[in-house]
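Listed below are the structures to be examined.
After this come two complexes, each holding chain A, first together with chain B and then together with chain C.
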Partner chain A sequence: MRIIVPIRQILDPRGFTVSRRHERIFVNREEYIINPNDKNALEVALRIKDTGGAEVIAVAVGKPRVDDALREAMALGADAAYLLTDEALAQTDAAGAAKALAKAIEKIGDFDLIITGQETLDTGDAQLGPWLAEYFGIAQVTNVREATVSDGALRAKRDWGTGYAEVEAAPPVLLTVAPGANKPRYPHGGRIMAAYREWEVTTWGAEALGLDAADLEPLTEGRGRTFPPERTLGERLTGSPQDVAADLVQQLRLQHVIK
Partner chain B sequence: MDFTFPKEYELFRRMVREFAENEVRPLAKKIDAEHRVPFETIKKAAKLGLMGVPFPRKYGGSGAGETGYCILMEELGKVCTSTATVIGAHTGIGAMAIYLDGTEEQKEKYLKPLASGEKIAAFALTEAQAGSDAAAIKTRAVRDGDYYVLNGSKCFITNGDIADIITVMAVTDPSLGARGGVTAFIVEKEFPGFSIGTLENKMGIRGSSTAELIFEDCPVPKENVLGQFGAGFITFMKTLDIGRASLGAACLGGAQAAMEAAMKWAKARTQFGVPLAQKQSVHFAIADMATEIEALRSLVYRTAWLIDTGQPHIKEAAMCKLYGSEVASRCINRALQIFGGMGYSREFWMERAFRDARIAEIFEGTNEIQRIVIASNLFRELGLRIAP
Partner chain C sequence: MDLDYLQMLMGEEEVVVEEEGEGYRNIWVVAERVGDELAPVTLEMLNQAQQLASTLGAYVMAVLVGGDETLAQELIYHGADKVFLFDDPALKDYALEPYIKALGDLFAEKMPEIVLCGATDVGGELAPRLARRLDAVALTNCTGLTLDASQRTLVCTMPVYDGEYSEVVAFSPEVHPQIVTVQPGVFGLPYRDEYRSAEVETVAVDLDGAQPRVKVLNVVAEAEREPVPLPKARIIVSAGRGMGDAEGFALVEQLAAALSGEVAGSRGAVDEGWIDEEKQVGMGGATVRPDLYIACGISGAIQHYFGIQDAKFVVAINRDENAPIFKVADVGIVADAKEVIPAIIEALEA
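Moving on to the complex of A and B:
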């Protein structure tokens, strides 16, 4: 069983603050992390590996620093990692990145599952999963919370409104994992050391993937940014705890937050 | 000269910090109040290789060296001194003695289960009449065929009652004294004649256990002699030297956490119409703390580098322990003052940190002993030997 996990590296949101008033983003600490939802996806893959055995391969597109995200993925349990980077790949958009990932997955070879996070925390994109499923012409299961493989069949539990739906599919299948679907494991200390000192990340540029500049031309264009309006100070309720609680309930009722 | 941490250490710190925040901090108050060892944390730490951070991967450790181990201790020191103490006594001295001087067979048999956290270690040197004067130990080991029979008792042994494997120092030839007459042994808790005596009821680090160990005609197989016969004193001193650097790292974490908490409090707490953070007396306290913490950080990680690169480090390790414990006590004391009444309340952790910090000036060689180690090393460089 081979599982491909595309991951994305994002700026750690704990390291910056958004000032609505100044319409600016203040980066206090420029640190990068694996997109949390992709960590959920990797966790789903690693649990399949833990129970039935699997080869888990992490793939990412971006700047050279994305290497750190892939090494962390290996420390967490991925068996191999591929970084798709060069000047063109570092600047492409979601569609270009999806193309590059698709080409890389083809180049890696046969696979049984592609498991990725449903959305990215930074840009709010949620297109990679469907894009890859379409490219490979395979079934996709979205909003996945858990997945297991037995006797060659994939069983996935997905969010279904107020409950869950259990679906079965025959690989190859693409899964997009719901944000917060699980609590990702911590990497093992020894694997962290090995990820940097012993193991390699394979690097491919656009040319190695058979892509040229036109393929990676961004489809989207940034025309500026706006900030949500500054939040106004709420109303402060005072009095005894009983009075405040009663006041609060009444206010919430008046504003139709509760019935 | 490059003062940046290699990337593996950055990721390692991030992992350890998240582990400390999510798994260790929520239990810190509870284990102190209940006076119990956090076995659930040890189990989780073992799964992540955190019970054998400095040891090579081939022995089941993380292969992160003293630098990695100091990072672990610093991050644990920020949230729970008790947990740092349990893991520190296990890794930094108990298992470390076997790593430094054990034979391949001993490492295979004892270091592996210790580094993987399957078993717990303790380090037994101190006795009722021999603490700072380590050479005055009375526990005897007498050869009897393929065994050495141990008789005597040890006191104030961290992890003593929870350890599976204990490195013990005993007199093998009283006529030779410390140099030549003392040998280190590896004792398993199942050995006949070994028992646990009284447990200490301590002021701080109450989430760690401190026990008396009793040896009554306890037979130890001769292959459990640790290091060279008669050279136990050297094995133990070498071990303690390394342990002192990481103890300094735990103190660094404690000091840093106290300062950060004091700053947050000073920002939020208003008196005389302005936040405390606007008061110059608070600025001076914070500036002094930050400067000492920065100096300690440089000292700790430079010493870790000396150890990892196989360079002499005895003097620097003693400085880590001496300066680290004093900086921690000072910073926590000053932070507590900024907190005022809140700092004194059991509701908040500063009171616990204050009690916990005090032990670092005492255990693993009192600060007075550290000063002697530092001075005697300095004078040795001038060709003068100082008698302890």
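Moving on to the complex of A and C:
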């Protein structure tokens, strides 16, 4: 069984503070981590590997620094890693990155499962998984909490409405894992050393993937940022319990805090 | 308000959509059903779509997969200028493959300029597949939609880092259709106008080769749902020593259930033995960042505040008007929580 796990490297939120008052982000330490939701996806893949055996391959698009994320993935248990990087790939947007990942997965070939995070923390993008499933024309299960493989069939528990659903599908299947679905493991010390000293991250550029500049042209453009309003001193509600309760419920609905 | 609209209100004339035209046109809303009703986000999208449509000079088209005439009429009452209804009984229950075939075929023919889907379990998995199928791109989980009128492009607000701030992203002008998923509860509900009338066109889809590939074995509903870990919970109702006794604490549990939220407690509640230590919020316990945090009978010592400073909306109920919790609350209620909570539960059910 071959499982491909596309991961993304993001700026570590513990390294910056957001000032609502100045509407700015102050970066104190520029450090990068694996998108936490992708780490949940890697954990799902590694648990399948632990129970029934599997070859887990991590793939990522971006700048050369993304190498670190892939080595961390190997330290956690991935068997191989591919970094898709060059000048064009480092600057593309979600659609371009998806195309690059699709081409790389095609080139790696013979996969049974693709497992990735449901969303990325740094862009809010939640389209990669289903986008890839459509590219390959395969089944998909989104917002997965747990997944197992037995007798060649995939079984998964996924978020559904206010509860969850248990589903079954025959590979190839794409899974997106729900944020916080599991507690990712810590890397083994020996594997960290090996990931940096012994193992290789294979690097492919756009040309190796058969993509040209037009394929990687961004389809979206950034128009800046907005910040939530600063917290103000709260309001006091007074009156009989019934009046206060009615006021409160109305306010919560107006503010879209509850439905 | 012009005469046409007045006539429309009077029910004398229906909205007639001009179907002729070139290129990518109109705003399409992919309707979603929950049980026998329309999902609230569908109505919210119709509201927003109407506003965008008036700027663009476009119509609001709704597509309903697997619904019936009654729901199609509801879409019209809430702002759709025309409804495309797939009434094939095989489409009654959601399954990805047939739904994506129905929508993909329709959109390939009709060439929408903009497509809105709910950022829900269903919309969230349909939209990116549609984007790939139609050679476009999706912007997901949007909380704001405006238009760059000069380029006829959508400008979307996408919260990042759990809502710490938002990225504002626009589609490039050459992208068609512009596909967006819209977060539920962000846009208001439109006015329901029973006198509004428009066409419902029944459409069919060839489902050959679009059989569901994922088999649903079992669906577990809300009542049996597993508790959400506190750091991930969207709504938390938390008890402090001020609840007085186990009976008071039971009220907090009832309020949490009424809001489909989680129960938590301060150090005091844990010490009293009302709640397990793992449900403690604040220093020594969990750090939470829910959309709504209701502190009942919690004085709000700094240790507690550390655990809730990232909560988006804080409600405090406490008898002591000088309790520090009121300094960090968005809404404060100076009263006995035991009297107010039952009234809140009642108001929620009303």
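A few points about this structure:
Here, the second predicted complex is superposed on the first by the 232 of 259 C-alpha atoms of A that agree within 3 Å, B and C clash if a C-alpha of one lies under 4 Å from a C-alpha of the other, contacts with A are read in each partner's own complex, and residues count from 1 in each chain.
The rule is short, and it goes like this: a residue touches a chain if its C-beta (ideal position, glycine included) is under 8 Å from a C-beta of that chain, and two chains touch if they have at least 3 such contacts.
Given the structure is predicted, the values throughout are model-derived calculations rather than measurements.
Once chain A of one complex is fitted onto chain A of the other, the partner contacts of A:A213 are absent, as it touches neither chain B nor chain C. By the document's definition of touching, of the two partners only chain C reaches A:G180; chain B does not. Using the contact criterion defined above for the overlaid structures, shared-chain residue A:V27 touches neither chain B nor chain C, since it reaches no partner. The partner that reaches more residues of chain A, of the two candidates chain B and chain C, is C. Comparing which residues of chain A touch chain B with which touch chain C, the overlap is empty.
For chain A in complex with chain C, the touching residues are 13, 18, 25, 93-95, 98, 119, 121-131, 133-135, 138-143, 155, 159-170, 173, 179-180, 218-228, 231, 233-238, 241-242, 244-246, 248-249, 251-252, 255-259.
Only residues 68, 71-72, 75, 186-197 of chain A touch chain B when the two sit together in their complex.
Within the complex formed with chain A, the residues of chain C that make contact are 34, 40, 96-97, 100, 119, 121, 124-129, 131-133, 136-141, 144, 155, 157-172, 174-175, 181, 184-186, 213-222, 224-226, 229, 231-232, 235, 259-260, 291-292, 312-316, 326-335, 339-340, 342-344, 346-348. Of all residues in chain B, those touching chain A in their complex are 6-8, 11-12, 15-16, 18-19, 47-50, 53, 57, 61-64, 68.
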